[in-house]
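Next, two complexes with subunit A in common: one pairs it with subunit B, the other with subunit C.
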Partner chain A sequence: MGYLPRKSLQVLGSIFAVTTFNFFLFHIIPGDPLRLIARTQKLDAEQVAALRIEYGLDGSLFSQYLTYIGNLLHGDLGYSFALHEQVSTALMRALGHTALLLATSTVIVVLFGIFLGVFAGSRQGSKADSRTIIGALVFWSMPTFWVGMLLVFTFGVWWGVLPISGITTPNAVYETYFSYLMDIARHLVLPTLTLALVDIAFFVLITRTSLVEVMSEDFMLTARGKGLPRRTLVWRHGVRNALLPVMTASALYISGLVGGAIQVEVVYSWPGMGLLMYNSVLARDYAVLEAAFLVSSVVVILANFATDVLYRRLDPRVVVAQ
Partner chain B sequence: MTTNSNDFELREAPETQLSILGKIWQDRMGRIGLLMTVSVFTISIIGPMIWPFDPAAVGADASSILQPPNSQNWLGTDELGRDVFSQFLQGSRVSLLVGVTATIIATVIGAGIGISSGYFMGRLDTVLMAITDFFLVVPSLPLMIAMGSIFGQNLTVIILIIGVLSWPRNARIIRSQTLSLRERKFVPRAKSLGATDLRIIRKHMIPHVLPLVVANTILVVAGAILAEATLAFIGLGDPDRISWGSMLHFAFASGAIGRGAWWYFMPPGLGILAIVLAFTLLGHSFDRINNPRLRDAA
Partner chain C sequence: MNLLEVKNLSVQYGSGQGGVLAVDGVDLSVGVGEFVGLAGESGCGKTTLAMAIPNLLPKYASITTGTIEFEGQDLSNKSESELNEVRWRDISVIFQGALNALNPVATIGNQIAEPILIHEPGTSHDAAITRAKELLEAVGISASRSSSYSHEFSGGMRQRVMIAMALACRPKLVIADEPITALDVMTQAQILELLRSLSETFNLSMLLISHDLSVLAETCDRVQIMYAGKVAEVGTADDVFGEQNSAHPYTQRLLKSYPNIHQERKFIDGIPGYPPDLSKSHAGCRFAERCTVSVEKCFTDEPELAVISELHRSACHLVGGSK
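Showing the complex of A and B:
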C-alpha cells in the first residue's frame, strides 16, 4: 500500500479510537447519564422519556454507543441545556475564534523561534548562546495563564494601552469594515503575545540543538574549508538541514497548542473553544465537554497528519528509504 | 585471580547516582537547578511550621481585605483578608506533593510499558505502542479537564489523573533504550545460563535504563507541577487545599488584577516558575551530560 492510503487509514483508526475512548469516558460516570446531561434543568417525566430515546439511553451500553456513532456521523454532537443550543453550533462558532488566535501565534512562534534558535546555535558556547538558552528555559517554565495575567496587569491595568477582554469592543459602532478588523487586531495582540512568549522557547531550544548537531557534521567542515562566508555557511548549509528535525518535533507543539489556547482564552475571555470548555466546567455541562474534547483531539490528529505529509515532501530521504 | 562471573556485568554497569549528581554539580545550570530545588523543598517543609498566621483565617473586617504588604502580613492579604504569605508557604506543599507523586505513577507505568514493549517485542509491542501513541497525540489538557470534571475534585484524583496521563514519552524513550540493550551480549549469555525473562529484566534491563528514567523523570516533575497549577486555575483543584494554582484561580476570579493587587498574584506565579525552572534546569543539565555534543562553555 502506498504511503498516503496507509497513513489515511491510520488517521481514521486514531479518530475512531479517540471517539470510542471519549464515549466510554463520559459513560462510566456513576449514575444516570441523563441526570448529567440535563443537570441544569428541571425536566418532567415526559421530557426525560423523550430525551432517553433521543440519546439512545433506553438500550444497552453497546446500543448507546451505536446511537452515539450514528449521531456523530450526522454531525449531531448533542444538545446543551446550559447554552440552550446545539453543541455543534456553539463549537463551530468558537472554533473559528480559536483558529485565528492559534494561527497568528504559530506564525510568530515559528518565525521568531527559528530565528533565535539559529542565532544561539550558530554561536554555540558564547555568552549570547547561554543567555538565549536561559531566557528560553525561564519562559518555558512559566504557566501560560500566569504570563497572561502579568500582561493583563501590565498593558491593560497599569498602562491601559490594550484591550484585555473579548474579541471586539462591546457595543462598538464601526464606520468601516476596516475599523472592525482593526478592533479585532487590537484585541488579538495580548492573547497572541502570551502564547508566543511561552511557546517560542520550544522552537528556540529545538532549532538550536538541531543546528548544533548539524554544524558538527563532516560536510560542514568541508563547507568551512572551502572558505564560505559565515552567513552562507549557517543559513544555506546549516539551517536547511537543521529544520527537518524541528518539523518532526512540531507534533509535540501541536498537541500542546490546545492546552495553551484554553488558558489564554480563559484569561482574556476570548470566545473560542477554550473559554467554551471553561464555562462548561463551571456549569458541569458534559455534553459540551465531551464534544470539545473530541473535536480538539480530531483537529490535533489531522494537524499531525498534515505535518507528516509536508515533511515527506520536504525531505527526499524519507521517500528513498521506502 | 579468581574469575568473577559478574565481571562483564560490572563493566557494563551504569554510572552510579552519586557520580551523576557530581556531574550535575559541575555544570553551572545543573548547580543552579539543584540549589533552587533544595531551597524550594526546604521552604515548603519548614515554612508553614514557623510562619505564625493561619492561611485560612479570614480577616476581621473590611479594612483587612486586599491589603498591600505591611509589617504584619509580609505579602499582604487576599480578597477575604487572609494572609497571602502563609497561603504561599502552605500552597508550595500541594504543588510539590502533586509533582512528585504524579511523577512516580507516570514513571512506573512508563518504565513498565517501555521495558515490556522493548523486551518482548512482537504483538505485545505493537499493541502497547499503539496505546502509547494514542496518548501522545491526544491533547492532554482537554483530557485532564474532562477527567477532572467527571471524577471530582480532590487531591488523590488530581494526582492520579496527572500521573496516568504523563507516562507516554517515558515509555517511548525507555522502549528504544531496551530495544538496543536487548542486542547487547549479556542478554543471550544470561539466557544460555538459564535465566528467566523476569530475571533478565530485573537484573539487566532495569539497572541499565535507570539513568535514563531518572533524566526523564526530572522533566516529568516539571510538567506535573504545571499541570496541577493549570487544573487548579481552571477551577478543578481540590477546594479544601491551598495550592499555588488555586491561589492564582482565586486571585483571578476575585479581580485582584484589576485592583492592582500584585502581591496576591505575583508570589504563587513566581513560586511555580522557580520550581518548574529548577527541575527544567536539572533536566537540561542531565541532557548535556548524556549528550556531550550539546555542551557549551556555560
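Showing the complex of A and C:
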C-alpha cells in the first residue's frame, strides 16, 4: 500500500479511537443531561421519561454509542439547550472565528519567531543573541491573560485607539464590504498581538537551538569552504536544515491553539472555540463540550498528518527511514 | 615560485592562559603540481595547519604569527569576504569524514553546482548542473545520480562526491584532510588511484593529510612530519620514509608503529606516552620525553630544522644520529 493511503487509514483509525474515548468520557462523568433540562423547566416524571426516549437516552450505553456514531456520520452533533441551536451550527461559527485568529497569529508568530531565532542563532554567544533570548523569555513567562489585560488597558482604555472586545463593532452599519473587513481587522489586532508576544519565544528558542546545532555540523564547514557569502551560508544551508524541528513545533502549536486560545478569547470576548468552551463549562453544556473536544482532537490528528506529509517533502531522509 | 608558501605560522586555540598553541612556527610549501603529505599523530596540528590556509578555522582559533602566501598574496590577514574569493575557486578542501560533509537536504548535483554558480557568475543553473554531472562521471559515479541525496550513497561513493565537489571550480590546490581514513582498504586504494589520475588530468597540487604513512609514501612527492605543533622532519618521500634515511627519531618510531604483514606476528612497536600538553610552554625538544635516544641537551635546547640534504630537513640535535 502506498504511503498516503496507509497514513490516511491511520488517521481514520485515530479519529475513530478518539471519538469512542470522547463518547465514554462524557458518559462516565456524573450528571444526567435530562436533569439539566428539568432544572430550568418544570417537568414531571412522565415528561422526563418521554424526553429520555426522544433523546435516545433510554437504551444501554452501547446502543447509545451506536446512535451517537450514526448521528455523527450524518453531521449531527446534537442540540444545545444553553444556546438554543444545533451544536454543529454554533461550533462551525466558532471554528471559523478561531481559524481567523489562529491563522493570523500563527503566521506572525512563526515568521517572526523564525526570523528572530535565526538572528540570534547565527550570532551565537553575542550580545544580540542573549538579548533576544532574554526578551523572548520575559514575554514567555508572562501569563497570557495578564498580557491581554495590559494591552486592553493600554490600547483600549488609555489610548482608546483599538477595539477590545468581540469580532465586529456592535450595531455597526457598513457602507462597503471593505469597511466591514477593516472593522474585523481592527478587532483582530489586540488578540493577535497578545498571542504573538507571549508565544513567539517558543519559535525563537526552537529555531535558535536548532540552528546553533546545525551550524556546527560538518557540512556547514564544507559550505563555508566553498566561499559562500555568510547570508547564503546561514539561510540556504543552515536554516534549511534547522527548520525541520520548527515545522513539528508549528503543527503542535496550531493544534494546541484550536482548543487553547481560551485565555485570549475570553479576555477579548472573541467568539471562537475557546470562548465557546469556556461558556459551555459555565453553562454545563455537555453537548457543546463533547463536540468541541472531538473537533479539537480531530484538528490535532489532522495537523500531525499534515506535518508528516510535509516532512517527507522537506527531508529526503525520512522516505528512506520508513 | 611555489604555489603555496607558509612561513612561521602559529595558530592558537583560545587565548591567554588557557590558550593552546596547536601550530607553532611552522613552514610549509607546496609547488605547482606537487603532492605534499602531512603526517603525525592525532592532535599534532596537521588539520589545524591545513585549515588555516583558507582560514576555515573555528571562531575560537586565531593565527597569531606568520604568513600564508598563495600565488604571491598573503591570505593570513585577508577578510572573510576576500577569502571567499579564493576559497574553492583556488583552494578547495576534501573534508575529513565526508560522511557528514554533505548537506543532507540538498541533492548532490546542486551541491556540486553551488560553488560553480558562486564563483563563476553568469553560469546558468543548467550549465552548472551539466558540469556537476561531468564531474560525477569523472569520479566514477553515473551522471543520472546527480539528483540523489547523500544518504543514498555508500561511504566510498560519498567520498567520490566530495572529490567531485572539490574539483568543481578547477582549483589550483586541493587540501585533502584524511580523505580515505573512514573507508575500507579496497575503497581506499580506489580513491587514492582516483586522486592521482585526477590530479594529472586537472593539473592539481595537493596537500594530503593522513596518519597512514604507507599512503603518503606511495602518493606524495614530499612529506612533512609534524609533532606537537612543530615540524619534526620534512623531505622527499624517500628521504623521510627510506629505510636508512629518516633523520628524526619520531619518524623512525612512527614507521616502526606499523605492522609488517610479511613478518612474523608480534606486538607492534608503538611509542609509549603521549604528545605533550600544548597549553604549557616547553623547553627543549618536544619529543625528548618519549625519545629513546634523547640526551641532556634535548631537554634544554630546542632543536632547529637542520639541513640534511637538498630537500631534507630534520629538527633533531642528533641529526641522522640513531639509525
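Throughout what follows, the second predicted complex is superposed on the first by the 296 of 322 C-alpha atoms of A that agree within 3 Å, B and C clash if a C-alpha of one lies under 4 Å from a C-alpha of the other, contacts with A are read in each partner's own complex, and residues count from 1 in each chain.
Going forward, a contact is a pair of C-beta atoms (placed from the backbone, for glycine too) under 8 Å apart; a residue touches a chain by one contact, two chains touch by 3 or more.
All of these numbers come straight from a predicted model, not from anything done at the bench.
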Review point. Now for A:S88: first (subunit B), second (subunit C), both, or neither, which partner does it touch?
Key: neither
Practice item. Scan A:L221 for contacts with subunit B and subunit C and give back first, second, both or neither. Key: second
Check your understanding: More residues of subunit A are touched by which chain, subunit B or subunit C?
Key -> B
Practice item. Look at A:A17 in the shared chain and tell me whether it touches subunit B only, subunit C only, both, or neither; answer first, second, both or neither. Key: first
Practice item. Using the superposition on chain A described above, determine whether A:W158 touches subunit B (first), subunit C (second), both, or neither. Key: first
Review point. Is A:T132 in contact with subunit B, with subunit C, with both, or with neither (first, second, both, neither)?
Key: neither
Check your understanding: Where does A:I301 make contact in the superposed view: on subunit B (first), on subunit C (second), on both, or on neither?
Key -> first
Check your understanding: Is A:S141 contacted by the first partner subunit B, the second partner subunit C, both or neither?
Key -> first
Review point. Of the two partner chains, subunit B (first) and subunit C (second), which one does A:T209 touch, if any: first, second, both, or neither?
Key: first
Review point. Is A:A292 touching the first partner subunit B, the second partner subunit C, both, or neither of them?
Key: first
Review point. Touching subunit B and also subunit C: which subunit A residues?
Key: none
Review point. Contact residues on subunit B for subunit A in the complex?
Key: 29, 134, 136-143, 145-150, 222, 226, 229-230, 233-236, 245, 248, 251-252, 257-258, 260, 262, 265, 269, 272-273, 276-277, 280-281, 284, 293-294, 296-298
Review point. In the complex formed with subunit A, which residues of subunit C make contact?
Key: 54, 56, 80-81, 83-89, 92-93, 95, 97, 100-106, 114-115, 118-119, 149, 151-152, 162, 165
Point to revise | subunit A to subunit C touching residues, read off their complex | key: 217-219, 221-230, 232, 237, 240-241, 314-317, 320
Check your understanding: Given the complex with subunit B, which residues does subunit A contribute to the contact?
Key -> 14, 17-18, 21, 25-26, 28-29, 124-126, 129-130, 133-134, 137-138, 140-146, 149-150, 152-153, 156-158, 209, 212-213, 216, 251, 255-259, 262-263, 266-267, 277-278, 281-282, 284, 286, 289-290, 292-293, 296-297, 300-301, 304
